[in-house]
Structure formats: C-alpha cells, structure tokens
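Below you'll find a set of structures to go through.
Note that chain A is present in both complexes that follow, paired respectively with chain B and with chain C.
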Partner chain A sequence: MNLRRAGTDTIWIAWMAIGYIVVLLPIVVVVFASFSDSNTFRFPPTGYSLKWYQAAFASSEYRNALGVSLLVGLLATAVSLTAGTLAAYALSRSEFRGKSSIETLLLAPLALPHIVWAIGLLQIYAWLGIGGTLLGLVLAHAALTLPFAVRIMLSTFIQLDRTLQEAASTLGASPPRVIWHIVLPLIWPGVLTSALLTFLTSFNEVTVSVLIAGSRYLTYPVRLYSELRSQGIDPTTVAISAMLLALIVVFALIGERFLNWSRRV
Partner chain B sequence: MTPAYLSITGMAKAYRGTPALRLVDLSVNEGEFLALLGPSGCGKSTLLRLVAGLLQPDAGSITLAGQSIERLPPHQRDIGLVFQNYALFPHMSVAKNVRFGLSMRNMPRAEADQRVGEALALVKLEHLAARMPSELSGGQQQRVALARAIAIRPRLLLLDEPLSNLDAVLRNSVRTELRELHARTGLTVVMVTHDQAEAMTMADRIAVMSDGLILQHDTPQVIYEQPASDFVAKFVGTPPAAMLRVDRKHDGGFGLGTSPWTPSPELARVLEPIQRVGVALGLRPDHLALTAPDAPHAMPGTIRTIEYLGAERLVHVEVGGQLLVLRLSGDAAVGKGEVGVAITRVPPIFDIETGLRLASTG
Partner chain C sequence: MARKSTVLLLTPGLLLTGAVFLSPFVFLGLTSFWTQRPNSLLIDPAFTLVNYVRIATDSFFLGTLFRTILLGIVTVAICLLLGLPIARWIARRAVRTRGILVVLMVTPMVSGALVQTLGLVNLLSLLGVINGLLKQLGLIDWSIRFLGNEGGVLIGLVQAFLPLMVLPLITTLAKLPEDLEAAARSLGAPAWRVWVTIILPLAMPGILAGSILVFFASVTSFVTPQILGQGKVQTFGTVMYQQSALVNDWPFASALAMAMMLVLGVLLLAVRAVRRGLERRPVIGSAS
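Let's turn to the complex of A and B:
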C-alpha cells in the first residue's frame, strides 16, 4: 500500500521534473551563454566573461530598441488598463441584454492568431493613415492586451462587495470619496496585476509589431528577430535577454508574494 | 398633533415593472424602535434602502425631523445603516472603520478620537480597536458595524436583519444588547426582520408587511391580540394562529365542516350579527381549552401529536379538518384519542374572502 503510493509519487515527481526541464532549459541555456567569452553564441560556453554585458550597455541600437519597447509598453498599458477597467466596471455593475456576448467579444483577441488580426489592422491603419506611427503601434498593443485587462479587472470588481460602497456612502462619503477611500484601495492589486501582465505582453509581442511598426519604431523583440534572421545570434542580445529574464522573474516573485498572481489570472 | 419624526408617504417602487412597494405610508416617532416585519420579498428591505437613499423611489416622500430627504443623496442624509453582512471595510482596522464617517465629516482629530472611543465602548470592543475585520468573529464584526453607524450620531439608525448571520446562542444576547443600546442612546431605530419573535421582543411598534404593502402598524400586543388580517395572525405568534372555518347554515345555526355546532353564548353573540356565509376564527392556544368530547359547546376533535416543552405541552388537535394547537402545563396527563375543544375567549374573526378582520370582533 505504502509502497504503491511511493511508486505513484515517484512517477508524479518525475513527470513534474520533465515539465520543468522543458520549460526552463532554454532559459538556462540563454543565461549560461550570456556569460560566454567567445564571439559567437555557444552552449555550453568554453569560458566565462562579462564582455557581452559590457557590449550590451554600450550598444545604442539595443538601447534605442529597449527604449521603444518601454515607451510602447507603458503607453499601451495605460490605454488598455483605463479602457479595460472602465469596461470591466460597467460589465460587473450592470445587467443588460447581450452582456454575455460583449464579454465573449472582449475576450476574443485572446483566441485569434495575431498574424491574421495584424493583417486586417494594417489595412485599417492604411485608411486611417497611422501605419508605422507610434500611435498605431500603441493602439495595436493596447487592443491586443485589452482582454487581459478586462478579464483581471472583471474578476477584481466581481470580488469587490458592493455593499462596501453603499456603507461608505451612508457614512457620509460622496461618490468621488467612495472611489478614493474604498474602491481604489481594494482594487489596486488587480490594477497592478493587469498592468504588469499587459506591459509584459506588449513587451514580448513580435508578430503585430513587425507588421504595424515602420522602421522608426523597432521594438526590442522585433530588433532581436531581424538580427537573428540576417546575422545569426548576436551574443549582445543574449546578455540583454538574460537581464530582462532576471527582471521578469523578480517581478513574478513579487507579484506572487504580494498579489497572489497564480490565483488571479 | 406634531408630525412624526420619520414620515413616509405614498412610497412606491418597482423593479423592471415588478412592484416591490405598492403604496406605503409609515410614521415613526422620535426615539422609537420600529420593526419592519415580513416574509422575504415583501418589500421591507426595499423600504429600508429607500429611507437610506440607496434606492430612488418611483413615487412618494420621506421627511426626517421635519426635513424632506427623498431627493438627498445617501451621504447627505445622516442615517446610519448596519448591513446584514456588516460591510466592514476590509483594508481598515476596527478603529479606522469606526472613524470613517467622522473623517468624511472632517472632524478634528481629538474630537474624532474621543467619538471612536465612545462608540467602541458602547459595544464593548475598545480592546480590539487595532484589529483588522478579518481577525474578528461574526458577532464582533457586527458590533463594529454598529459602532461605525452610531459614531456619526445618526438622525436615524437602520438595521438590516441584524441577527440573521449570528448563531442561535449569540442571537439571544445580541437581541438584549440591541435593546439596551437603543435605551442608552435614545436613537430612533428601524429594523428589518423576517423573524416575528425578534420583532415582538425588540420593537416598540411593528409594521407587518406583505407583498409591498403594510398590513398593520401597531404595538406587538395589538398585533398579537387584534391582528388586522389572517395573514398577520398566521405570521405572528409562537405557535401562529390557526384558521378555523365556521359556516352559517340556512337555518341560522353554525357548522364546522359538515357537522352542526353550537358556539358558547358569548361567541354566538359576536357571530350572530355577521352576515356572511362563512368566517374564519383565528385560534391561538390562549383561546382554547381541552374538555370532554360531549361537553356543551365543545368542538369534537382528535389529538394528533403532543410536543413536550418542559414547562408546558403543545397539543395538536384536529378539528373539522384543521389542526388547532392547545397549551397544557407540562405535568398535565393527556393521552391520544377523541377530545373536545372549547373556545374560552372570543378570538379574532376574519372574512373568508378578504382575510380582513371583521371590525366588530376581537
């Protein structure tokens, strides 16, 4: 009996280990390779140095691309979060005909192939004359990430007890003060979660960015991708990627520790 | 006569065409404890929310202390409301919860500190001021909600089913505490409840509601002894009143079901002038006594069950197809079988069709 259970446990542990290896091995490869002292991407490295990190900080091209990514990410997050929060609030606090279809529609981009969506968007942007502009790129990313924002904010608002707002108002709080003292403090974990998720999604996006952005607004992953196509892997990008990875892991740990991310999304 | 402290006139409210309140007039005197009593869906919570300003009426007016308030938003009404789920702010400590209403009034710090202390002392929770709501038991949370509502010195205190989320043991002590609190603060209180025992024991007056209307608004004693309709009689009292149909025969005599019956001269005097084919007697244990089956004026019946309650016994007797409940002392010996039931006092008498109590009776 115990023996059999021990056997099942071993199988489960092995299965989980395989899962972790499949997910994490590429990351391990990148991290190790970033410390390589050779001039080409190689794993495992033959010697270790920080020279690619120095090169990364020295490269203005990558700095620019990271800057674009950061700018687009922040703007797209702001747009998507504002729209998503308002939409989620309306959805959570009202009952109307067709509410469930609107909910489904808001989540649709999650299931759509980005490339198909981007081709359509390209045509629309050509009509609007915003192809290749920062505005176009930001709007595209905002639209792509809106489903995440709506989804997370919707569950946040559903968990927010409506009687708290009523209680605050009977105690003398005007509607703006109810939002400031009651609603905002209670929804900020949701806001932060969807902001980070939106930002990271925008930051990782390649397909739509390639099609929408002209040469003026090359985001970091797009830059990386085109580099890869033309000259193979540049160890500088590996170093930058390793740094980004570290940053994202730190964010994820913070998010999990303070905001219970894994239970929210 | 001076107008009532809280006065509600012609209040109506419908949700998507379904009326929740049909036409309600209600007045509450200053310092009074009023219970809005009724089954779920009767409109009592709607009425409470209208008074608090959380709902807008379709028609009607509300005046509080001489001021018309139905157009005021809730935050300008100075009405304290204790929610059924307490609605404590989870991100604030007990003290901050109680202070919230004072902060919204921009009260100076020292004065607010003192008020918070007083309110917490009133509900005996000074020692928990620094706790978060999630660290409190249900009963403690309710007291915080109460202290928070009282701290603003409301012109009116509304309680929405204050005892329904508490366990049975706590319920009895909170019942007493709420009464004491009312006596100490002198606040005017309106409480919503579906529990008639709660309303009877706590309130100065009760408004019994059903289907969006107030059926009767009076003291617990009048509501118990002179219910305005069969609904009130059946809703109030433990056990509730049983309705016994008495038919008028063509020859002027009376009948229970198919068999003729001769009521006592006292009851007959009341029944005789009523020009109805049938009436319903609202019979409580207080109106009934066991007799021999062949005693004069007795109604023949069969004992069905006997509930032993220590000091007393409730005997359920079937008379003319209807179960009546009688109260006997705990040590009285009763068996099962055929008995007679005598009506010892004139009970309230109701119209069979409308359910209303006939004015001449009770």
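Let's turn to the complex of A and C:
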C-alpha cells in the first residue's frame, strides 16, 4: 500500500513538474542566455561572457527607453494611488445607494479586454490630439492600474480600526493630526503594496502602450516588442531583461517577507 | 461621513475610470457604424452597417474568429490538465512547500509578458534550447519549426495563462470537505472514481472561474500570437491590431472590437446560466 502510494506520488509530482517547467522555463532561459558570448543566441552556447551586460550599461537607446518606462510608471502610480486611496476611503467609510455599482465600475479595467480598450483609446487620443504624448501614456496606465490601488486600499481601510481615530479626535486631535499620527502609520503597508503593484503593472504593460505609443515616448516593453517583431533579438535586451527580472524577484521577496503580499493581493 | 465629502473623494477615481477607461468603449460602439474614406485618414460619420456586414460575410474574418476561439478552447483544456494536479497538490499535500509553489506559479504574472516572450523565442527558435537539446540527444537531425505556427502560439498561451487557472483552483480545492473523499475511499471507490464523482463536481465553480479567465485572456491576447506566430498565425487580437495600427481603418477595427465584445458577452451569459444550473443541483450526484 505504501509502495503504491509512493508510486502515485511520483507520477503526480512528475506531472506537476511539467506545468512548472512550462511556466518557468522561459524566464530561466532569459537569464541563461544573457551570459552567452555570441551575437545570436544558440543552444548549446559557444561560450559565456558578461559582454552583453557591458553593452546594456553602455547603450543610451535602451537607457532612454528604461527612463521613459520609469517616468511613466512613477507618474501613473502617483495618479492611480491618489485617486484609488481617496475612492477606497470613501467606499469603506460610508453607505449609500449604488455603492456596489461604483465599486464594480472602479474595478472594471480588471475584467474588460485591454486590446479592445486600446483600439478605442487610440481613436479618442487621436481626436483629442494627445496620441503619443507623455500625458496620454500616463493617463492610460493610471486608468489601467486604478483597480489594483482601489482593491488593496479598500481591504486596508476595512481592516483599519476606526475606534483609534475616534479616540484621537475625542482627545482633541485635529483631523490632519489624526491622519498623520494614526491613519498613515497604520495604512502604509497597504499603500506600499499597491504602489509597487501599480508600478510593476505599468512598467510591464505592453498591449495598450504598443498601440498608443508615438515615436517620442517609447517604453522599454514597446522597444522590445518592435525589436522582436522586426529585426530579431538583440542580446543587449536579453541582459537588460535578466537584470529587470532579478530586480522584480528581489522586490517580490521583500514584499512577501515584510508586507505579506500573497495575502494582500 | 458626509455625503458631500464622499462624492468629493470618489470624483478623481470615477473621472479616471469613466473618461479614460469607459469612454473608449462608447466611442468604439459609435465609430463601428461609421466608415473610413478610401485612401485618407478622414472618417465619414454616416450611420452604416457596412463594417459588420463585412465581418459577417468575409471568410477571412470569420475563419480568424473561429480559429481564435478554437485556440482559446485548446488552451483552456491544456491549462486544466496541467493545472488541476498542481492546484490539488498545493491545496492538500504541500505544507512547507506551499508558499514557494504559489510564488513560483505567480512569478510569470509579475515579471512581464515580453520578457517571457523573449525567453520563449530563445527556447523555441530553430537554434534554440529545445532544438539544441533534441539534437544533442540525437533525437532529431533537422530543427523542428515551433515558431510561426499554431503550436508555438499555443505553447506561449499556456505558458502565460496557466497561473490564471491554478490560482482560482487552489482556492476552490482547499475548501472541499475532506470527509466526503475519505468516505468514498473507505467504501472502496478507486481514485479515478473519487475524482469523477466527488472532486470534479465540487470543484466546478473554480474550474469555471479559471477556464473563463484563461479563455478571455487567450482570445484577447495579441502580443503572444503576434511574436510567436511571426505574422503567420492570425488571431482576432492580431487582426484588430493590424486593422487599427497598420491599415489605419479605425471604424473597421472598432467593428471587430465590438464583435469580440459580443462573443465574450454571449459566452459570459452562457456560463452564468450553467453556474445557476449547478447551484440548483443537489450537492452530490445521486446518479452514482
């Protein structure tokens, strides 16, 4: 009986391994390929080197693209976090008719197809004359990431003990002081979690950005996309992608260790 | 909280969602009934059904729609086959490894679609890892072409969306009562029978949720088919993109987008009906 059970477990684990290999292998390959020394990646590699990492730091073109991604990500995070936190506070602190439909509305970008949205947005942007501008990109990314901010901040505010605020006001603290000394220290893990998730979503966004990007503000994923479509893989981007992956993994580990991400999101 | 301050606090969020996210959908509905003037970027705002007639009668677009849906169904099936055992193990057997197994499953979702597509290209290309390995092992003499056909796109879709299947399945499977299975086993039911009569029917809400997520994501995806299909595999996503960004026929692209929304909407209503039926059904199948 035990032997049979061990046998089934082995088959079970082998089957699971297939799933994990399919999901993780591309990431492993990117890291592996970034140390290759040839101009086009081939397997088995002819040798290993760090030259694509050197090329990555020397390339001003990719530095610009990463700069645009960073700028758009930070601005979009600021906009969506502000709007999301305010809305989540209102939703958590008051009862009114139509509250659940407002919540659904704010979470809609999670459910509706982005490619369909992008085709409409492209036309509206052209009509308004903000296609390919920084403003257009930031607004699009902010709208897209707002649901993350709303959802995480909503659960943060719901868990916030309201009696603490009431006690502070009864003892004579002014509303700004209550927010600064009571509310902010309690909600900052939620704020940080939504900020990181919002930023990461914006930083990785490609479907919408590819459609609405002009020629001046090309984010790194858009650069990568046009490269994969036309001239093939530049090993420099493999090295950059491997570094970004490492950064994201570090952030995810910090988030999980200190902010319990898996239970918040 | 005062009514006025509630409204004030909600305004920025609603403005952002309404003006930037929802208005394009309204705009699409409008422009899909307009037409593009030939050889110009100007649009003729006169009501016409010409775009929809073109979609419904042109075999290219109908064929693409059909192929996209088929690709979505196959992706869902493979994700179910791979995802169910993973979710079951995480929900029931894994104790110390649970956290790491979940994190590994979520990693692709946070690391960005394009990085993974880049990895897939390196993996599947003619001189890539898989062909290289197979040649080293002496299994093949000539590289197998994975990119530029449906097979490659399918691998990419499963890779990208398997986590969307596994996560809701874990939630559902973790909630299943253990005593039902134990009872069935003690009465002598073989493992397959426990799965067919107990686990799968009870896990149906999670299976439906995961399948919907994966199906939606794969039929509306465009980066994966565009890159891994190398322009040789057309899906609804890539065709919409081409009509919009390359052909610049925006009203027609709008009509394609509306057609996509229609298909997804009908599907969602059908699933809701199925779910209602499931809720009305007795808890455990009495037929067996």
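What we mean here is this: the second predicted complex is superposed on the first by the 244 of 265 C-alpha atoms of A that agree within 3 Å, B and C clash if a C-alpha of one lies under 4 Å from a C-alpha of the other, contacts with A are read in each partner's own complex, and residues count from 1 in each chain.
Here is the rule we go by: a residue touches a chain if its C-beta (ideal position, glycine included) is under 8 Å from a C-beta of that chain, and two chains touch if they have at least 3 such contacts.
Quick caveat, the model's predicted, so the values are computed rather than measured.
Chain B and chain C, once both complexes are superposed via chain A, fit side by side.
Rounded to the nearest 10, the angle at the Cα centre of chain A between the centres of chain B and chain C is 100 degrees. Judged by the touch definition given at the top, the superposed model places A:A246 against neither chain B nor chain C. Of the two partner chains placed by superposition, A:L184 touches none, neither chain B nor chain C. Of the two partner chains placed by superposition, only chain C is touched by A:L211; chain B is not. Between chain B and chain C, C touches the greater number of residues of chain A. In the superposition on chain A, A:L128 makes contact with neither chain B nor chain C.
Of the two partner chains placed by superposition, only chain B is touched by A:T170; chain C is not. For the pair chain B and chain C, the minimum alpha-carbon spacing after aligning on chain A is 11 Å. Comparing which residues of chain A touch chain B with which touch chain C, the overlap is empty.
Of all residues in chain A, only 161, 163-164, 166-175, 177, 181-182, 185-186 touch chain B in the complex they form.
Residues 52-54, 73-81, 83, 85, 87, 89-91, 100-101, 104-105, 148-149, 152 of chain B are the ones that touch chain A when the two sit in their complex.
Taken in their complex, chain A has these residues touching chain C: 8, 12-13, 15-16, 18-20, 22-30, 33, 40-44, 79-80, 82-84, 86-87, 89-91, 93-94, 96, 102, 105-106, 108-109, 112-124, 139-140, 142-144, 146, 150, 200, 203-204, 206-207, 210-211, 221, 224-225, 228-229, 233, 237-238, 241, 244-245, 248-249, 252, 256, 262. Across the complex, chain A is touched by residues 1, 3, 5-6, 9-10, 12-18, 20-28, 31, 82-83, 85-86, 89, 99, 102-108, 110-123, 125, 127-129, 131-133, 136, 155, 158-159, 162-163, 166, 191, 216, 220-223, 226-227, 237, 240-241, 244-245, 250, 253-254, 257, 260-261, 264 of chain C.
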